[in-house]
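The structure follows.
Each chain gets a letter, A, B, C, D, E, F and G, in the order it is written, and its residues are counted from 1.
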Amino acid sequence: MSEAVVSILLVAGASFMMLAAIGILRLPDLTTRMHASTKAGAMGAMLVMIGVAVHFADSAVSTRALAFIVFVLLTAPVAAHVIARAGYFTGIDLWPGSVKDELRERYDPDTHTLSSGLEHDSQHTENSEPPS
Amino acid sequence: MKSNTLILRTAALAIMPLQLMFSVFLLLRGHDEPGGGFIGGLVAASAFVLYAFSFGVGSTRKLLRVSPKDLLAVGLLFGLASTIPSLLAGEAMLTALWWQLPLPGEGYLKLSTVLVFDIGVYLAVLGTLMTFVIGLMES
Amino acid sequence: MKLEVVLPILIPLTAGALSLALWRSVRLQRLLGVLATGLLLAAGIWLMRSTVEQGFLVVEMGSWPAPYSIVFVSDVLSAIMVLLTGIIGLAIAIYSLASTPTGHEKFGYYPLMHLLLAGVAGAFLTGDIFNLFVWFEVMLLASFALLTLGGERAQMEGAIKYVTLNLFSSALFLSAVGLLYGMVGTLNMADIAQKVNSLEDPGMITVVSLMFMISFGIKAAAFPLFFWLPASYHTPQVAVSALFAGLLTKVGVYALYRVFTLMFTQDIGYTHNILLWAAALTMLTGVLGAAAQFEFRRILSFHIVSQIGYMLLGLALLSPLALVGGVFYIMHHIIVKTNLFLVSGITYRLMGSYELKNLGGFYRQRPYLAILFLIPALSLAGIPPLSGFFAKFIVVRASLESSEYLIAAIALVVGLLTLYSMIKIWAEVFWKQVPDHVTDGGGLNSGLQTRHTLAYYAPVIGLATCTLIIGLYGQPIYSLAEMAAHQLMNPQLYIDAVLGGQAK
Amino acid sequence: MIGLFWNLLLALAWVALSGSVTGMNLLAGFLFGYLALMVLQNQLPVLKGYSRRIPRLGAFLVFFLKELVKSNVRVAYDIATPVWYMNPGVIAFPLEARTDMEIMFLSSVISLTPGTLSLDVSDDRRVLFIHAMFLQDEDQLRNDLRELEHRILKIMR
Amino acid sequence: MMLLAVLSGFLLALAVPVLYRLTGRYIGWFLALLPASLTAYFAGLIPAIRDGGSLLIENQWMPGLGVSLDFLVDGLSLVFALLISSIGTFILIYAGSYLKGHRDLARFYVIMLSFMASMLGLVLSDNLIAFFVFWELTSITSYLLIGFNHEDVEARKCALQGLFVTAGGGLVLMAGLILLIFITGSYSFADILSSDVSIHDHGYYTAAAICILIGAFTKSAQVPFHFWLPNAMAAPTPVSAFLHSATMVKAGIYLLARLNSSMGETLLWSHTLMVVGTATMITGTYLAFSSTGIKKVLAYSTVFALGTLTLMIGVGTELAITAFVCMLVAHSLYKGALFMLAGALDHETGTKDLTKMGGLRRSMPWTSAIACMAVLSLAGIPPLFGFVAKELIFESLLNAPVGGWALTTFALVSSMLLVAVACLVFFKPFFGPPQDTPRQPHEAPFSMLIGPATLSLFSLFFGLAPFVPEVLLLNPAVTAIFGGDVQTALALWHGVNIPLMLSVVSLLAGSLLFARWQALQPGLAIINTVAGRVGPEAAYFRMMQGITQIAGWQTRLLQNGVLGVYLLTLVLVTFGLTGYTLFSRNGIHLSLDFSDGYFYEFGIALLIVTATVFASITKSRLGSVASMGVLGFGVALIFIHFSAPDLGITQLLVETLTVILLVLVLFKLPPFASFSSPLERCRDLAVAVFAGVVMTLLTLAVLDIRYFDSISRYYIENSYELAFGKNIVNVILVDFRQLDTLGEIFVLGLAAIGVYAMVKLKAEDQHKP
Amino acid sequence: MLSIAIDVVYFMLSLALLFAFIRLTRGPSLPDRVVALELIASVVFGYVGVHAIDTGVSSFLDVAIVIALTAFLAAIGFARFVERGAKE
Amino acid sequence: METLMAYVIGILFAASIYMMLRRSIVKLVIGLIILSNAANLLIFVVSGLTRGSPPLIPDGAGEVTGVVADPLPQALILTAIVIAFSVLAFAVVLIRRAYEVVGTDDLDEMKDTDT
């Protein structure tokens, strides 16, 4: 039983990684590739780790598997964010098939400021700080 | 463009303590499982490297409080200090000495020159890497 | 516990770590520099006495039995080398008080110096082939750092070559250790020797031994592996040059002596013949290189290469007398070569150049310095009754005894060309007038600050005295070399000393 | 967050004191620590509301895993099939999250969810720029994101 | 006592700086007390050796090496010792006056005394090695003396030339002496002289003899090494006087005489000596005759004398040896005197050129009188001792075992020339019309004349009463050289015989030549110019130039500054040698059996290989760095896969940090550029592939071999029991082999210091001491 | 069954490594390479996990944990590089 | 598997030497990094490869039973990795300083000290 679960988890994890790899190979621009790789990669690793935890069925191993998952969940998005951001701002072009870009217009490459576009938006009171 | 972001900074604050904790963990149990002073030191160093990448060198220096070179010096002195008990005991240099301190309850705390040495390695590695990174980032 | 065997590394290691801890206080570091090297010298003397009395001193680190532990072994050769390390260390530490730029002192000069000495002493004492690698690296990194300290263009260019070629050597060393371990499964040199000597067909051992030979040959700056040395030795500040000149290449020579007398003696006709021709060509190319130079330290650097040839010759011939000659040569050379660099530092200090064409007038203005130059210079050239003469004499005699006439002839010709170089320096720096384009006689007329005078001259005088003593009162030194050679010729003594404890 | 930290610390202390480093023991330590903090939370303002968060965290995890699988499948499908159905683009997403921790947490979760990737936060920290892979139905996406944000804020606040 | 006598010169030399301050201008007189008392001391030894006996005084030095400071006093060494110390006495006195007020006078005396002591040690040493020590010391001290006027570039060149020739010969001599030691098994001249071992039959004899002869010839300025001697005139006159009369150049002669009885009596030995001696003799006189500088003339006449002495030893008969000893003494006496006189002339007139002097007999009467005696001896005119020597030479040549008439003819010719030279030296300065000299000439001071006067008087006395020195000294000396008991019979007058006739002929012909001297000069100058182009001195200069050229060429070839070339050499040597050894010692065994691997292991291997290749060929440096990261991952996977988790972790961590460091550094560096040509790349690729192939073969070969089990079993068994750790790798690192790790952290620390200093220490802080 | 699964997983992971590596070599931009490197790290995690199961040695998990904690730093380092506008 | 690795090692050595022979200092450093990896792998491979039994003593056991990977080369390689890392860190900074001071990354232009 547990063997089956483990097998499924492992194969599922590996499939995610395959997917990520295919994605990174196939997709047309940096950002779309990152959609494939960072998530699917992390996902695959997590699934494998769950498989490991199930396989050993040992609290020490499970703790470590859990710790691993936590660490991956913490670090993967940060890395993705940093790379994506760096890639975007250094002018790596988006895929021509992209439909919109609400960031480009709000970024001033000379002053390196990124405005929210909400500075004069009186409608948007819901989230604004109370005046102090 | 400006290099650090809110997201990175905040994440760093969350990740770094984990890394540090884990590094100590690796240090302490290295005698029995993969790990040890060197690996622990490297993980600790990567914690500070993350901090340095997120908050800059100045903040990292402040966080470290002591200069990396001092960490290094202390590490090396620890490493050497681990040799002294054996010399004092008239044994060959680097002979490991173990002391078992009874803990409340049933456990024992195993103290040894080996542990002192491992701590020395940990600090030396940390000091070295921080010297590299801070030096390079400052220049 | 034979404390004297481990003190030669413990003292400089501790001094190095303490100097690092005392980073901000240059004064304390200076004090520690002299103190610790003085202690190192004392430890060296202690070690020498004990070793001479007892033959071999063996310490099994961590009290684990050999061959499982790392052992430190002091035989007479090791003790000699350690003692020389102490002498050179102290000389350099004192000299550094005057010669080292403040900037260097503030950026780790003293820790680096101590750790370099530690690496050198460790390499001399260890009886474990991998541990030897570690000490090599300690020494090497210290030398890298010292070489680049100051960051001038020439230093950087020299350092790139030095670092690259030495790293290549290290990688080769490491690979050879791995291959050797793969075959004999041990790292203890005595154990390796014992096992290798029991093999019937050690063909692959010979192959690996060549890797060791090349790796150590690079460290020793033998032909045709010496390029890094003339490319770099003249670039750092002079105390560093002197330290390197005295000790570093000799570690390579020592390693060759160690492994090719202890471990790799199964195919002497092949390995030692290669060494022999390497020795001859090293002597020749080195001395010819020097003949083409007109810069004080470059000349001296090429002569290091040349003299390494003589030392290798002693090993290559592998007769008792040849080993005596080789060991004697090493002792003589370390002191003399360091001293010459120190003298070049004084002339530099006074006239601000190492180029012969910019120097002059020293015989007129500084006759005592002239004498202090002549002693090591003539000794280097093998003029009797200075140390170098006996060294050369023994080596030449050993070559003739082994019927290597061509080698003997080369050794003699090289001796003549060495004299030529030394005379070139003498004529240009000392005899020649202050060149016209050097205004105001450089600093010759103003001289050194008194505080510096002592620190500059004391080591030079001390080393010159050593040279004179080796020459004029050479019997004790000769006996030491003889004892060392005896031990080297009988590797079983070493093996028994290290592994004998196992049986007890 | 500080509560969680304290809780972990207590768990570790438990492990250290009991002298056996096993996962079960750590879990036990965490549980005891959690109970202790539950008792303490009314006295210490820092810990306020800590006890409620753990259950919410559990709920969130379930939600998140569901989203994860869902969107993963979607992305996977697009990757694996020869034709691309994607309509990628960058959208500006006004934030309700305020503190650094909240913003970081939200952006991380968004990044972890396939199909969306946090690019940056505006300098005034009011807008998160998100690269999305499927912008066919932008409003739906915004709504999903908003729900995600709310759930996160529930845990954090 | 003997030890002190020999070394006293060195000791006194050490004290000169102090003494000079104490005694001031009387320093010469004061210092001369030493050689004077040495003369007395050596004279006191005469009785001990009168009957062909000898004294052996033993002192230990380096017994292990066979080096001792034993001294052998016999007729030969005592003659030399007496000449050295006695002439030395006058030279020291003379120098005090000649160099009066010279700022380097103290230094001069330091070297001079050392030189004298070295010379004494040389002639008195019994130990071959000690002999050689003193031999080399004379070379080096004479170098310092010749270059005394060191600010003159010519003086430096001449000094170097002398040193190079004599030290070079010295090294050959060293080989010869070592061979001699091998032959005889002894380090002692006394042993060798008295031993029964047949030196001549030994296999080393020829080599030893050749080496020793070369050594002696260079030192004693025999053709073709004679050129350095005249150039040594760059030294101040007292030096020349000493060098030429009693010391330095006589050292080689001494050695030949010393070894004659044991090494001589072979064709090689005697014929070489005769040929070289004759050539030197003729060359010397010819060159003396064709020179104009007074010191040059005298110097070449020394060459003549040295050639004659060599010839005499070569002839080797009793008579010839007797002639040798007489010539030796006579020459020392007159040549010492003449040089000192020449110095006096130079000192008083300010010129050395004979053609610029004239009529000085009026202003310098004493000088001219003394010169007259010395010159008579030089020319071999009775009743001076030179005549006795010359007669003996002719006689011994006439009776020579081989080639007597030929040798006699040569001797006659050179004798004629020498007479002409003697006339030149005497008549040119002192007679004829007075000439304008740079200085107004007047009589030389007493201290400059006492030396030549005494020496000349001795010449006269010995000539008139040759039996006195004969009985005391010369006979024992001949005995010592000849190696058997010899009864000499010296006399001024042997009756009218062939030698006398020859003397007369040479005198007449010589006078004739002198008369034609002026007219002959232009012709001689042309000959000399031509000879100068092809002669040995030219060869010397070509050799020196050649050394520099070869050195330069070699250095440009080897040490050319290009790291790539250095590496290429290194790699070729390394893998060529290793590969060849592998091939010859083990053979090549190529294995392609991969059946024990799993497919994913191939995958990892492939990853490593492709990452490496890509890192090497990509044009993007960051692609390269990232690829290095992949390589690191691949290696880590290998570690993990083959049971090394600690290694895996460390590898990954280190890889990550390396990438970070590279990245931190790289953005300061320019992008990859391709500097080398395609051809160079092909060459490098070929070399690299070769190296890789060798490493693969080596690895494959070692894989098949495991001679002994690893010692690791011990660690595996005892890690937990004795070292209380379950991670065996870590236990090895921190306990079994803790020292490695201790070294390792210091390596880290060193790297940190190095990097820190490199990054922070800026070049401008350098030059503050 | 498990062993078959493990072999399959090894195969898939090898393939994934290969694909990721191809992207790394192709670039075209540095961030592309970095993303590929990140993915390779992830695959290594997976590999380590599977290996732990395959060999039954759970200590291999520690490898994965340590890398998970540190490997992303390389990406951050590269990002800094990119941000400073350095050329490839 | 050792056989295969022998070829991998050969390729690593070849690549590292090729890179070290380039004139660009950055390539030189990359060559050095590959070289150290090659040497480490060499030690690892020639002392024998063992699958799936790391030199760890299981909990509760006093020693390892059965086949276990040789721990000694692992310890050696660990030391070697650290040392190589130190050296390479130094080398990396060195080339940067060299570039700053000399103003070129072409090694052929860095021959002033020799000639």
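The rule we apply is simple: a contact is a pair of C-beta atoms (placed from the backbone, for glycine too) under 8 Å apart; a residue touches a chain by one contact, two chains touch by 3 or more.
Being a predicted model, the structure only gives us computed values, none of them experimental.
Listed by label, the chains touching chain A and chain G alike are B, F. Using the contact threshold fixed earlier, the set of chains in contact with both chain B and chain G is C, E, F. With centres computed as the average of Cα coordinates, no chain lies farther from chain B than E. Farthest chain from chain F, judged by C-alpha centroids: E. Counting C-beta pairs in contact across E-G and across E-F gives the higher total for E-G. One inter-chain figure worth recording: chain A and chain F are separated by 15 Å, centre to centre, where each centre is the mean of the chain's CA atoms. Centres computed as Cα averages put chain D at a distance of 24 Å from chain F.
Centre to centre, using the average C-alpha position, chain F and chain G are separated by 20 Å. With centres taken as mean Cα positions, chain F sits 26 Å from chain B.
Shared interface positions of chain A, i.e. residues touching 2 or more other chains, are given as 22, 34, 38, 42, 58, 60-61, 64, 67, 71, 74-78, 80-82, 84-85, 89-90.
Multi-chain contact residues of chain F (touching two or more other chains): 13, 17-18, 34, 36, 51, 55, 57, 59-60, 62-63, 65-66, 69-71, 73, 76-78, 80, 83-84. Contact with two or more other chains is made by residues 21, 107-108, 118, 120-121, 125 of chain D. Screening every pair of chains for touch gives A-B, A-D, A-F, B-C, B-D, B-E, B-F, B-G, C-E, C-G, E-F, E-G, F-G. Those residues of chain E that touch chain C in the shared complex are 60-65, 67, 107, 129, 132-133, 136-137, 140, 143, 147, 150-151, 153, 156, 159-160, 163-164, 167-168, 171-172, 174-175, 178-179, 181-182, 207, 547-548, 550-552, 554-555, 558-559, 561, 563, 566-567, 569-571, 573-574, 577-578, 581-582, 585-586, 695, 698-699, 701-703, 705-712, 714-715, 735-740, 742-744, 746-747, 749-751, 753-754, 756-758, 760-763, 765-769. Per the touch definition, chain C reaches chain E in the complex via residues 13, 16-17, 20, 61-62, 64, 67-70, 98-104, 106-108, 111-112, 115, 118-119, 122, 126, 130-131, 134-135, 137-138, 141-142, 144-145, 148-152, 160-161, 164-165, 168, 172, 175, 179, 181-188, 191, 195, 199, 203-204, 206-208, 210-211, 214, 218, 224-225, 227-228, 230-231, 267, 270, 274, 285, 288-293, 349, 363-364, 367, 378, 383-385, 389-390, 393-394, 396-397, 400-401, 405, 408-409, 412-413, 415-417, 419-420, 423, 427, 430-433, 452, 474-475, 478-479, 482. Those residues of chain A lying in contact with chain F across their complex are 3-4, 6-8, 10-11, 13-15, 17-18, 20-22, 24-25, 30, 33-34, 37-38, 41-42, 44-45, 48-49, 51-52, 55-56, 58, 60-61, 64-65, 67-68, 71-72, 75-76, 78-80, 82-87, 89-90, 92. On chain B, the positions that touch chain E within their shared complex are 30-39, 42-43, 45-46, 49, 68-69, 72-73, 75-76, 79-80, 82-83, 93-94, 96, 98, 110, 112, 114, 117-118, 120-121, 124-125, 127-129, 131-133, 135-139.
In the complex of the two chains, the chain G residues touching chain B come out as 56-57, 78, 82, 86, 89, 93.
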